[in-house]
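Both complexes shown next keep subunit A, but they swap its partner, so subunit B is in the first and subunit C is in the second.
Our next item is the complex of A and B:
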C-alpha cells in the first residue's frame, strides 16, 4: 500500500519533471547547433595554411577544450550582460539562454577537433593526387576531402551531443530551472525522505532513455563506416 | 620577499586588478586549501577509477555470463547519465539512508561527508570510461602473444596478467590521458555538493572581495595548468614504459 502511494506521487510529479527535461533538450539542441557551426569554422581554421588564421583557431580550440564546462558556464553567467540592445530594441537574455551559450563554447572546441581529426584521417595521397590534377587547395578541401569526412564525423558528433545533454544539468548551479532543478523543487515540496531515491532514480532513467540510444546508434554507425 | 610580493599586488589592486589571494592571508589560505582539495580529489578519484577500470576490463575479458552483464550495465548506466545527477543521487538520496552517528556535543554526523561522496561518484563515473579504455587496450594486443604464453605453459589467467595486461596498458595511454583530463575537469562538479574545492573557494573569494573577473581568470589558468600536468605525467609514464619495437605503427 505504501509503495503504491509513493509510486502514485511520483507519477503526479512526472509532468512537472518532464517539462524541465524539455528545457534540457532545448538547451542541448541550441548549443549543438551553435557549437557545430562555430566549430566547423574553428576546425577549418586549424587546418588553414595561413598562420594568422591557424594559430588563433588552435589556441581557442585548446583553451575551450581543456577548461572545465562549469568554469566556462560561470564566465557566461557572470560576465554576460542581462540584456542587449540592438538598434533601440532591448533583448533580455534569460539565464537558460546564457547557459546555452556557455555550453556552446566547449561544444565548438570539441567539434573543431572532430573536423580536424576527420580531415587528417583522409590519406595524404589524395591531396597529392588532387594537386597533380590541378585542383587548388580550397577546391581539394571542399570537393574531395570534406565529402568523405562527413560520414566519419557523424559518430563522434553524436557522442558529443550525448555528452552535451548530460552536461546540461550543470546549469542548475547557476539557477536554470531544468529537470534537476525541478527535481530539487519537487523534493522540497514533498518533504518526504522516502521519495528521494525513487525521484532521483527516475531522473537518471530519463537521461538514460534519451542518451543511451544515441550512443548505441553512434557505435553502430562507427562500425558500419569502418568496414567500408 | 613575501612582503615585497604583497606590496606589489596591493599596488596592482589600486590600479584595478584586485588579486586578494596574493596579499590577503585569509584569502590566500582559503585558496590554497581549495587547490589542495582539488588535487586530492583528482589523485584519489584517478586512483580508484583506474582500479575500477582495470577490474571491469578484466571481468569483460576473462569472465562470462552474469558478471560481464553487470559490468556492461554499470558502464552503460554511468556513461549515459549526467555526473551531477549521479552525485546528487549519491549525496542526497543514498546519503539519506546511510547511518548517522553523533559527535561529542550530540550533533548528527553522517557516516560519509560530501568529500567522500564526491570521490565515490567521480571514481565510479570516470571508472566507467576507464573500463572501455582498458578493454579496447586488451583488444589491441594481438592474439599471438597470448597463444605464445599458453604454449609456454602459462594458464589463461597467468597469461592475461603477465603478458596481455602489460602490453594492453601501453595501448591505453592515449585514451587514459583523455579520461583523466576529463576527470580533472569534472572535479568542479563537486562544487554542487559543497566540497570546498578550487571553484567553491574562488566563488567565496569573489563574493567577499568582488573580484569576479580576476578570480575566474586565475581559476581558468590553474585548470589549464592542471590538465596540462595530467597530460605531461601520462606522457612521461608512457615514455618510461615504452618498449622498443612495440607500439602503434610498429609491428
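Our next item is the complex of A and C:
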C-alpha cells in the first residue's frame, strides 16, 4: 500500500516535472537552431582562403569548443543585460533565454568543426573536377561540395543535439527552472526521503526516452551513409 | 578557311617552370600541339607528366614561362577561367564524377550552370554523348552504381559535353581493373578519331604507339626527346629514354 502511495505522489508531481522538461527541450531546440546557423557561417569561415575571415573563425571555433559549457553559461548569465531596449520598448531577457544563448556558443563552435570536417572529407578530386569544368570556388562549394556534405553532417549534428539536451540541466545552477530544478523543488516540498530515488529515476527516464531514439537514429543514418 | 591558323600550334608551352616548395618539378618545358593532333606524354613517375597537363588548363599555376591555348594566355593572372575551361576539357585518373548527381546531370550540369546553355539542348547533347560512350541506358544511374570503366566513360562524356577544343587525359586507365582498360582506351581512341585534339599522360605504351601522332618523353622535369611513335619506339636516342623503354616494353 505504501508503494502505491509513493507512485501516486510521483504521478501527482509529474506534470510539474514535465513542464520543467519542456523548458529543457525548448532551450535545446532554440540553442541548436542558433548554434547551427552561426556554426555554418563559422565553419565556412574557417575554410575561407581570406585571412580576415578564416583567422577569426578558427579562433572563435577553438575558443568556444575548448571552454567548459558551464563557464560559457556563467558568462552569458552574468555578462548579458537583464533587459534590452530596442526603439523605446524594453525587452526583458529571462534567465532561461540567456542560458539558451550561453548554450548556443559551444554548439556553434562544435557545429563549425562538423562543417569544416565534412567539407574537408570530400576528396580533393571533386574540387579539381569542378574547377576543370569552369566552376568558381564558391559555386563549387555550394553546388557540388556542400550537397555531398549534408548527409555526412546529419549524424554528428544529431549527436551534438543529444549532447546539448543532456547539458541543459546545467542551467539549474544559474536559477533556470527546468527539469532538474523542479525535481529538487519537488523533493524539498515532499520532504520524504523515500521519494528521492523514484523521482530522480523518473527524471533520468525523461532524458533517456527523449535522447535515446535520437542517438539510435543518428547511428542508423551513419551506417546508411557509410555504405553508400 | 584560315590556313595560317592550322600551321599555328593550338597549344604552346614555352620555357615552363614550376616548383612545389623547394622541389622544381618542371624545369623548362617546350611543347607545341596542333589542332587535331594526339600527343602522348610518357616518362617515369615523378617526372612531371601530370603537372604539365595540369598547367595547360590552369589547375596548376606556373612560376615561369608562357602557355597559350589559341589566343588565351593561360598564365595571365587575369585569364578568363570559364573561357579557358570551355576550350580545354580534362579527364582524371580517379574519374572524379559527382556522386550525388545522376550520370546525365554529371554530363550536363557544367554546360548549363557554367556556360549558361539552355537545358534541353545540353541534355540532348549529353544523351547523344552517353550513347557514343556506349552508356545509353545509364543516364539516370548514379556514379556509385557503375563500374570503374563505365564511370571513366561518363567522365569522358562530361568533358566532351563542354564542347572543348582539346581534352587532357591524365592517366585515365591507371586506376582501372585490367579488364576495363580496353573499353576506356577504345573510348579515348574514338574521341581522337573524331578529330579532337588530345593530350594523354599514359603508361599504356601500346596505346601510345598506336593512337598518338607524337610522343614526348619527360624525365626529371625536362622533355628528353619527342618524336612520332614509330621513330620514338624504334630509334630512341637518349640513354634515359632507352633505359625507360627497356623497363616498360
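Here is the rule we go by: the second predicted complex is superposed on the first by the 228 of 228 C-alpha atoms of A that agree within 3 Å, B and C clash if a C-alpha of one lies under 4 Å from a C-alpha of the other, contacts with A are read in each partner's own complex, and residues count from 1 in each chain.
Note that in this section contacts are C-beta pairs under 8 Å (C-beta built on N, C-alpha and C of every residue); 3 or more make two chains touch, one makes a residue touch a chain.
None of these values were measured; they are calculated from a predicted model.
By the touch criterion defined above, A:128 lies against subunit C but remains apart from subunit B after alignment on the C-alpha atoms of chain A.
Legend: residue contacts after superposition of the two complexes on their common chain; A:208 is shown touching subunit B, with no touch to subunit C.
Number of subunit A residues touched is higher for B, counting subunit B against subunit C.
Looking at the shared chain after the overlay, A:71 reaches subunit B, while subunit C stays out of its contact range.
By the document's definition of touching, of the two partners only subunit B reaches A:162; subunit C does not.
By the touch criterion defined above, A:144 reaches subunit C but does not reach subunit B.
Applying the stated contact rule after C-alpha superposition, one finds that A:16 touches neither subunit B nor subunit C. Listing the residues of subunit A that touch subunit B in their complex gives 63, 66-71, 74-75, 78-79, 162, 166-170, 172-173, 180, 184, 187, 193, 196-197, 199-201, 203-204, 207-208, 211-212, 215.
Chain contact summary for the complex, subunit B toward subunit A: residues 76-77, 79-86, 88-89, 92-94, 96-97, 181, 184-189, 191-192, 199, 203, 212-213, 216, 219-220, 223-224, 227-228. Touching subunit C in their complex are the following residues of subunit A: 123, 125-126, 128-136, 139, 143-144, 147-148, 228. Partner subunit A is touched in their complex by these residues of subunit C: 57, 59, 81-82, 84-86, 89-90, 92, 94, 96-100, 109-110, 113-115, 144, 158, 162.
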